[in-house]
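Below are two complexes that have subunit A in common, paired first with subunit B and then with subunit C.
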Partner chain A sequence: MNGDFHYYATYCASVIAGYSHEEALKICYSANLVDFCSRTFLRTVGGPLSAATTQLQSELADVRTDILGLQDITRIWASFHFLPRNLNALVKRGTRTYRNKYRLICGPNGELLKAAVELAKGKGYEAAGLAMHILADTWAHMYFAGTPSLVINNTDYNFRELIPCESGFENRPVVFSHNPAAADDPETGRYTASLYQVSENSIMNLGHGRAGHLPDYSFMRYIYIPAWNEYREILKDNPSDYYHAFTQMVYALKYLRSEDGIFETDIYDTESVKPYEEKIMDILTVRRISSADAWQEFGESLSGEKIPAFSLMNYQKEYREAENGNKENTCLGRFFVAAMSQKSMVTSRIFSTGSILAGRSIDYKVEGLRGIRDYWQIVGEELGVGKK
Partner chain B sequence: MYEVKNDNLNTELRKYQNLLTVSGEGIILCGLWDALKAILGLYYGQENIYKLLESVDAEIDRSIAVAVVTVIFAVTALLVFLLHFGAGIGAVKEGKGKKKGNVYLVLTLIIMAFAVLAVAGQISRLPEIPQLAVLMDMATAFICIEVFVGAVVSRRLKKRIGKEGQQ
Partner chain C sequence: MTRWQKIKSILIGLFMLAIAASLLTYREDAYGVIMVIFVMILIFSGLRMLVYYFAMAKNMTGGKMILYMGILLTDLGLFANSLVSVPNTYILLYLVAMLFLSGIIDILNALESKKIEGHWKLRMLRGVGSIAAAAGCLFFRNSPSTVVIIYCLGLIYNGVIHIINGFRTNDIIAIQ
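This part shows the complex of A and B:
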């Protein structure tokens, strides 16, 4: 998903869920920040590097793909952009390595999504925004895994786009180019994707790189045969999936706003969104790279307030000027803690299935404060344990 | 919107079409290997060529003779590659559902016959012959079989799908 959905659509969902304009702005800022909170950004603001929720292209170009590098990549991408649907999925045939990677395939309504939303409850608007980014991406990035893998994430020549026409839908082959500077062109069907690399762990095979940005466009409908699906086709209907994501966000945000209640997967607040369904589907189906203007206009009509454009500079000053020990009470500070909690939870769950793809996970209650120092502050005080 | 066809027949068809595509690409690679082998044969077999020329009674200008032999080797290498390329590209096209033809199957049969004859001739002289060359010829024959399997089975499956679609 792009910034138009993560920022403006999240704002709209927040307002429909009952949040005020100011609260909705904090939620959508955090939701969009997930795509910008790289180590480069964290170095700029002086934040904990373990709170990175993304990797820039320039960082990925320099990344190692040895076991430690792969674990770092998987921790970031599987935790925030490709939340696994079923960590206990059964694999009929294949090695343990293949099984572990297969289990990281992203999809909506998994147990981890429930855990991620529940983790954000009572942790502020920043944690809520972060959870909304993760929830929305489970719909957009469905069928891809947040770890470099040719056998999971590769696509082949059999990739076609469904384009609405008078007689229904036209079926057009997608032409992928590999020039990172070339812009995608929905008119001609030319899109940019990562290069085919035979190396299983090449960074080119991370996430939906081999399918370009197609999963990120709300208007896109495409058919393809994923490498893992045993020659079965998949039809990805983004307008429908994005609408599901929107209605599920409204439901999740209402849950996060309530004093109690439970969050269940596969529940959508279609009732609250029903009055706006036509408008939302109109925005989702128009063939354009960014629908930011349309979402902004819709959001402003909902709240009657002006929605400022997203800026990375927001809240930086507050975080920088806060004294040590008080940084966690700033907007960025709460976001960083929420990000580390989410990353810790996902890593722990993946590790509990016998996979070390996201790294080792330490039970602090048993082993004390060991491992990455940034995490100590999350659990140290809460558990009352000290460094071993 | 679009009816996803994931029944057994269609998934099997995709599997065998994929086999055809991959095998076609394999034949092209084998063609490159054979062409390279011919060129390497010329380069490393110069002594044998000179001996051959010396055994001829007629007086021949040595440089012209070398040039003629080189051209013969180059043309042979090119023909060998084109033979493989024609067979391979035909298989790839049919595998991708673009074009169906029988010419590439005939070419594949010729390549397989050469490969089988080469393996049969080499096995008896195995200690003298590089093992890699024998293995490559065996692999070529195996890939040719895969092309036939891919082509025959995918055509049968297409017919069955067509018939079931009409019913």
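This part shows the complex of A and C:
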């Protein structure tokens, strides 16, 4: 998903869920920050490097794909952008490594999504925004895994786009180029995708790189054969998936706002969104790279307030000027803690299935305060011990 | 990393340092050793690809390609092994290309970091350094000894990283 959805659509969902303009701005800022909170950004603001929620292209180009590098990549991408749908999926073929990778395939309404949303409850708007990013991406990034893997994430030349026409849908082959400087062109059907690399752990095989940005465009409907699906085709209907994501965000945000209640998967607040359905589907189906302007206009009509453009500079001063020990009470501080909690939770769940693809997880209650020092902070937050 | 992976990482690091030390000792005569390393890499890569095919890639759409490449690489390795010597130029070109690419990546990384007011000078310096080293390799192409030194620097760097990785704390703490 792109910034238009993570920022403006999340704002709209927040307002429909009953949040004020100021609250909605904090939520959508955090939702969008997930795509920018790289180690480079964290070094700039002086934040904990373990709170990284993304990796820049240049960081990925430089990344080591040894076991530690792969675990770091998987922790980041599986926790925030490709949340696994079923960590206990029954896989009858391949080795244990294959099974572990297969289980990281992203999808909506998994147990981990429930855990992620519940983890954000009572942790502030920043944690709510972070959870909304994860939720929305489970729809957009469905069928890809947040770990470099040729056998899971590869696609082949058989890629067709479904373009609406008078008689229904017209099939058009997608042409992929590998020039990172070339812009995607929905008119001609030429898109950029990562190169085919035979290496299983090549960074080119991370997430939906092999399918380019097709999963990120709300208007896209396409048919392709994923590497893991035993030569069976898959139809990806982004407008429908994005609408599901939106209505589920409204439901989840209402849950996070309530004093109690429970969050269940596969429930969508279609009732609250119904009055805006036509408008939202219009925005989702227009063939353009970014729908930011349309979402912004819709958001402003909902709240009657001006929505400022996303800026990475927001809240930096507050964090930098806060004294040590008080940084966790700033907007960025709360975001970093929420990010590390999410990463810790996902790593722990993956590790509990016998996979070390995201690293090893140790239980504080059994082994005490050990492991990467940055994470001691979340133990401190939960139990009032460790680094504060 | 598991305990075994940590031990493996340290051993690989020590092995790389040992190779670098022997190459630095033999200098001009080391091209033969580098060639043996290349042959080993080719055969090892081919066999690894075959194992990869049978373990994982046979379950993948279009996985047969991996099988063919595995056979081809192993065959190439065996063929290279049968050659008495390979022109030094090819080895040199390989080294230069690797250095040049890593330099470009460092510079791009530095520029991206600069854009968001991050730290960039050290990385830029490293990028420029790598490109300068690549240019140096080309300039000293008639001095095999210099090229061996540059190759060894790469080996030492990788070896040290492997050893550091072996000692790094990488467990994530969780409250379950």
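Note that in this section the second predicted complex is superposed on the first by the 379 of 388 C-alpha atoms of A that agree within 3 Å, B and C clash if a C-alpha of one lies under 4 Å from a C-alpha of the other, contacts with A are read in each partner's own complex, and residues count from 1 in each chain.
As a working rule, a contact is a pair of C-beta atoms (placed from the backbone, for glycine too) under 8 Å apart; a residue touches a chain by one contact, two chains touch by 3 or more.
Predicted model, so just to flag it, every value in this text is computed and none were measured.
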Practice task
Sticking to the clash and touch definitions up top, decide whether subunit B and subunit C on subunit A clash or fit.
Solution key: fit
Practice task
Quick one: classify A:44 as touching subunit B (first), subunit C (second), both or neither.
Solution key: second
Practice task
Give one of first, second, both or neither to describe whether A:234 is in contact with subunit B, with subunit C, with both, or with none.
Solution key: first
Exercise for the section: Please work out whether A:226 is in contact with subunit B alone, subunit C alone, both, or neither, and reply first, second, both or neither. Expected result: second
Practice task
Check the residue A:171 against both partner chains and state whether it touches subunit B (first), subunit C (second), both, or neither.
Solution key: first
Completion exercise
Rounded in steps of 10, the angle in degrees at the Cα centre of subunit A between subunit B and subunit C is 50
Exercise for the section: Would you check which partner chain A:162 touches, where first means subunit B only, second means subunit C only, and both and neither mean what they say? Expected result: first
Problem - Greater residue coverage of subunit A in the superposed arrangement, subunit B or subunit C - result: C
Problem - Partner chain(s) touched by A:218 [first = subunit B, second = subunit C, both, neither] - result: neither
Practice task
Please work out whether A:376 is in contact with subunit B alone, subunit C alone, both, or neither, and reply first, second, both or neither.
Solution key: second
Practice task
Kindly classify A:54 by the partners it touches after superposition: subunit B alone (first), subunit C alone (second), both, or neither?
Solution key: neither
Problem - Touched partner set for A:97, first subunit B, second subunit C, both or neither - result: second
Handout entry: After fitting on chain A: smallest Cα gap, subunit B-subunit C, Å
Key = 6
Completion exercise
Both subunit B and subunit C touch subunit A at residues 225, 230-231
Fill in the blank from the handout: Residue positions on subunit B within touch of subunit A in the complex are 1-2, 4-6, 11-12, 14-15, 18, 96
Fill in the blank from the handout: subunit C contacts subunit A in the complex at 1-2, 5, 9, 49, 52, 55-57, 59-63, 65-66, 69, 105-106, 108-109, 111-113, 116-119, 161-162, 165, 168-176
Handout entry: subunit A - residues contacting subunit C, complex
Key = 40-41, 43-44, 56-59, 61-62, 64, 66-68, 71, 75, 93-95, 97-98, 150-151, 154, 156, 198, 200, 225-231, 312, 343-345, 347-348, 356, 359-365, 369-373, 375-376, 378-379, 382-383
Handout entry: subunit B-touching residues of subunit A, taken from the complex the two chains share
Key = 157-158, 162, 168-169, 171, 221, 223, 225, 230-235, 237
